[in-house]
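Here chain A shows up in two complexes: once beside chain B, once beside chain C.
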Partner chain A sequence: MQDALTTLLLSALANRTFRYWSLLPAVLLFVALTLYPLVNLVRMSVSTIEFAQGVEIWRFTPRANFAQLLADDALRPALVNTLVFVVVSVTIEMLIGLALAIAVAGLARGKTWARTAMILPILVPPVAIGSMWKLMYNYDFGIFNQALVALGAAPVNWLGSTSLALASVIVVDIWHWVPFVFLILFAAVEGLPVDLIEAARVDGATRWQIVWRIMIPLLRPAIVVAFLFRTILAFKVFDEVFLLTSGGPGTATELINLHLYKVFFEQNQLGYGALLSLAVIAAIVAFLLVAQRVTVAVRAS
Partner chain B sequence: MKRRRVAVREAAVAAPPAVRGGPAGRVLVALALFAIIGPFLWILTASFKYQIAIYSGQFPFTPTLSNYADVLFGRRSDFAGNIANSVVVAVASTLAVLIVGTLAAYSLRRFRWPAWVSAGFLGWTLLFHMVPVLTLIGPWYIAFRQLDLYDTRIALVLTHVTINLPMTVWLMSAFFREIPPEIEEAARVDGCTPLEAFLRVVLPLAIPGLIAAGILAFIFSWNEFPIALSLTSRQTATVPVAIARFAQQYETQHAQMAAASVISTIPAVLLMFLGQRFIVRGLTLGAVK
Partner chain C sequence: MDLMTMMRASAAALMLAGLATTPAAAQKPFADVGKQAPITILVASTPWYPAFEKVVGLYEQQTGNQIKLDTTPFGGMLEKARNAVRSGKSPYDLMFLDTQWTIEFYEGGFLAPLKEIDASFDLPKEVLSYGDSGWWNAQKRWRTPDGGKLMAYTVLGNVQLLYYRADILKQAGIAPPKTWADVLTACTKLTDPPKMYGFVARGEKGNGIRYDWHSVMLAEGGSVVKDPAAGDYTVTINSPQVKAALDLYTDLLKKCGPPNYGTLGQGDVIQLLSTGKAAMGDVVTAAFASFEDPAKSAVVGKLETVALPAGRGGASGAVVGNWNAVVPKDVPDSQKKAALAFTRWFLSYDAQRAFAQAGGIPNRSDVYTSDLAKESKLRWMPAYLETQKFARQELGYAEGAQVEQILGLRLNQAVIGEMSSGKALNTAAKEIQDLFVKNGRKTGALPPLPE
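This part shows the complex of A and B:
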């Protein structure tokens, strides 16, 4: 009897407060694991944190941290490489992805199969992609050098030479993410108004004219969305590059996320790492604000 | 009604094209498929080769399962334990993120929250989703050390739920948008409480959304590398961390690395064939609408 009453009361309470407790777990999680860490990041960024026998010792050293930001030799190459990486890989991914989306949509048969194969790189662990390409790029027995030697050419040090390493890493990123651009744009191509294209065809437009004059202009909103998504995700790159080169040789493939990881966990500089993290977050926020303006402008036109 | 919509979508994929592509298009598709499948085949064959056969590049080669045996049962390998860690973390974080994310999405869509609550919440998830996860790893490391949770699966589950929450909330929110509020109102008239209406009427209709979000959350948790690398040591290392260790040792163990990598792709490949339409829907939903 008492149990039944308790249950009844509890369920009444659960019902009455459903609105609140339905949102509560998500809010609590975000406060505890993103908002609080962000506040802590600010606190850490003006401190030096050391561990003595497992005990944290915090010292207030804002000037030293800023001085380190200016004196950090690896930061400049990391920023330049990241910028080159993002611009080059996203540009090429957009071009190939768009061409593939239109080409696959033009297939009479096998669209679903083509799409299945294309999705695979998005879903497998990026680390596995890194190890896959590390094997293929290997100087002694990788497939590329095997092919070069078979053709009578000299083997190439794909990941070990300062001039080639970044390009080699970019190729892997293109392989990894063209499918994502393809997937978004393919859905958009399949959603284009069939009668409009049909009308153009009846009026005697060639395939290329239909692609350039009708499809691509109509795809513009989807292209902008795919471009923004890819640009932001490209800044997050870490896993494959960590496996392929870990930033080397020298700083040839050092990217901002690799640098962050090294500052935190190889140099154990939690305070300076926090300052760098804040700078990265600020840069992303600035980019988002610009991106939002661009999207609004494109929608309006 | 839901079912019919999905069926229509599938039909659209198989539909004949508005404009038949020319030979250039077919060549491009063939090249792309070769470029995508090729590396998978390369690492698959490497995983069945003795290390010596990999080095000499001989073909044809004598296939062997020794790399898989070494990786899974070898005395110097923790890989079976790594797989167990990955499974536990991915399953637990997927279940948790589905519960938390679905409730939040439903709450934001159906209850009249003031604009600053819903816009603030969604804006914050968006921002968090865009920022590289490594920027928060420092504070996480400190916090989990203080809580004595460093190098535990709990820390990984909590962080994986957090990184998958934005996607889950948007996906489920988009699915709830397609369920007309009249259905719940009818249930309320029939005497259901709001909670009952949600559990018995709305949730069953949202099952395709739950599957899509669940598959993606599982895969992203299974694949996640930087957090696992930073917050675990030997005991709780996951599969990606183990693969990185194979690659990073002084003498890279190429054959084992290949076998471990192949094993790590199994969930993605299986889910790809079992749930492709859910995956495609999930990956393109946010972007296309």
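This part shows the complex of A and C:
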């Protein structure tokens, strides 16, 4: 009896040990692919990195890097523009994406075609989107101004006006990313329990009441997922804006990632660039935490 | 033989046939460089790339040596070059670097001085100096042959020229402008938006506005720093002369350009000229070939060029924007020698002549004084050669890229009216001085301009 118990205990121990050992490759991979670059980024952020005689030279300069971060004049407009960009574009994308998801899911015919057409913009590479919209926004040759002139209106300085450039860039982002929100929410709408909606209808609920009181509360987990993904991606926007305006005119469309690119790649300031990257990561996390608190507060009220 | 090689060989054969008929070809043979190891060149996808590709085809056909071209968009060139030299084993035997990037590579010790590959190597005396951007004096941290080593040679030397529509100016009774003030007077007269813009140049934030405006600033007698060659980094960007140049440039863009002048890039300026919507423009020499291509241009044969105009004091200014060829120090010796062999061949008179005929910009003065300059499609040559008399390298110090970022933003803010010119230049001066202080340079500042 005791032997059997011992064998059982040993076997359990071996199983547990094996379980831990079996995790090792995944842990090593995680460390190699995620943790090491992050640790290296932190190390870089407190250093100045230069090259001499073909060799990297690292100097420990945390105070200088932080002082540069605080004194960086280009950072403030970039942060403000990024916040405006994220809040406006994500809000509009969520609203349009949700409306489209509910509308397309309710179609009796042509649902497949409508769904396919809706997701087309997300398939276009960002570089092509930037070039295409830049042409369309062109003051002299763009289709928008050609149409305005044909209608007897004055052409608009879409990308060259400081008051309009950021809005023009946001429109492109909305066009590009509404399909993403639509896709997530459309799948969620399709998965809603039909009997619940039918029951509400039998009870005399209007279409608006069904959407507002039944569908949206049930869609909340999917909405949160879409919101989180879009917010993170919106903070990371780069290619479209780089191609459309390169951050100009002036600082009108300067976003945090454009600034980061210039510091890292054009100015070759690897240490300060790393510190800036960490600041961006911190800003995204802070924004998401605030958004989460607001959601909880709204839900509680 | 793959399709590309066959096409290159055919193009080369056709060019050779053409060259054989010229007297110059009969007198001066191409350099004989013997059998060499195959090499790989990192080259940017630029308007002059097709011409370079043709010349490489000619080299392969003549010598039997092989060259692989890694053609990369401009935006990816610097990172590819950095990765290549920092990896410790460069995949490229020859790399083309924008002149602005070369300091980083010289200072980083990533390159092989050309004379260390072959002590007998010298640049032919006919090769234009382009502000000596290929030389590096490590002690002075300055690009100069005085105590410096030859690290690079110019593959393509771009300078800005003033392009003008000969037909339109003639019709309006206006002579080709000689000063920037003349340009302003003429363009104000010719502007009739949105049908015709009198003058176009880059106003976009960053390198675009900094580079185009810099020539006007030099012509007005301004400078960014006092005497960097002598180690004096006193910031002079907020002088009255620089302010005058910025106000003049703003007037040119605002009064004569399209309403989106603050976002115009090189592609936009070329597009406005080639579609016939601009009467004058400040554009790189390399764009000339595209203006003469009926598939791309509505103004074939109508655009003429002159050297960039002078300032109020009569002096002219132009900035050289050249591509330098460099050899990474960590490639095997046989590859370095093969890269240098191609260099000898490429810098020979006939190769440069072939480059010009294919649409490139040659770097030898004797090509510009040859019969080629009389050819209609190369009628930009006299203006180009004239510009070499006063064109110079600018921002040739380690902080150059950061100074360009500062100026690129502040100038753009001034021309679009986000800041007054005085405030923009005072702000830029402060930022540049802080940068020099941080890096331990001997620096100083001028009294601020009224804002």
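Convention: the second predicted complex is superposed on the first by the 245 of 301 C-alpha atoms of A that agree within 3 Å, B and C clash if a C-alpha of one lies under 4 Å from a C-alpha of the other, contacts with A are read in each partner's own complex, and residues count from 1 in each chain.
In this section, contacts are C-beta pairs under 8 Å (C-beta built on N, C-alpha and C of every residue); 3 or more make two chains touch, one makes a residue touch a chain.
Just so you know, these numbers come straight off a predicted model, no measurement behind them.
> Following the superposition defined at the top, how do chain B and chain C come out on chain A, clash or fit?
The answer is clash.
> Is A:Val280 touching the first partner chain B, the second partner chain C, both, or neither of them?
first
> Touch test for A:Gln267: chain B only (first), chain C only (second), both, or neither?
It touches chain C, and chain B stays clear.
> Quick one: classify A:Val127 as touching chain B (first), chain C (second), both or neither.
First partner only.
> See if chain A has more residues touched by chain B or by chain C, and give me that chain.
B
> So, does A:Arg207 touch the first partner chain B, the second partner chain C, both, or neither?
first
> Using the touch definition from the top, say if A:Ala147 reaches chain B (first), chain C (second), both or neither.
Neither: A:Ala147 stays clear of chain B and chain C.
> May I ask you to decide whether A:Val290 touches chain B, chain C, both, or neither, giving the answer as first, second, both or neither?
neither
> Applying the touch criterion given at the start, work out whether A:Gln53 contacts chain B, chain C, both or neither, answering first, second, both or neither.
second
> So, does A:Gly250 touch the first partner chain B, the second partner chain C, both, or neither?
second
> Pick one for A:Leu83: touches chain B only (first), chain C only (second), both, or neither.
neither
> Can you pull the chain A residues that chain B and chain C both touch?
Chain A residues touching both partners: 56, 138, 140-141, 246, 265.
> Which chain A residues qualify as touching chain C in the complex?
Those in contact with chain C are residues 50-56, 64, 71, 73-74, 138-141, 155, 157, 159-162, 165, 245-251, 262, 265-269.
> Contact residues on chain A for chain B in the complex?
Residues of chain A touching chain B: 11, 14-15, 18-19, 21-23, 25-27, 29-30, 33-38, 40-41, 44, 49, 56, 96, 99-100, 102-108, 111-112, 114-128, 130-136, 138, 140-141, 143, 146, 175, 178-180, 183-184, 187-188, 190-192, 194, 197-198, 201, 207, 210-211, 222, 225-226, 229, 232, 235-236, 238-239, 242-243, 246, 256-257, 260-261, 264-265, 270, 273-274, 277-278, 280-281, 284-285, 288.
> Which of the residues in chain C come into contact with chain A in the complex?
78-79, 85-86, 88, 104, 107-110, 194, 204-206, 258-263, 268, 271-272, 275, 277, 329-330, 401-402, 405, 409, 412-413, 416, 418, 431, 434, 438
> Quick check on the complex: what are the chain B residues that touch chain A?
Within the complex, chain B contacts chain A at residues 12-14, 16-22, 24-26, 28-29, 32-33, 35-37, 39-40, 42-43, 46, 54-57, 99-101, 103-104, 106-108, 111, 113, 117, 121, 124-125, 127-128, 130-143, 145-146, 158-159, 161-162, 165, 169, 193-196, 198, 219, 222-223, 225-226, 229-230, 239-240, 243-244, 246-248, 252, 254, 257-258, 260-262, 264-265, 268-269, 271-273, 276, 279-280, 283-284, 287-288.
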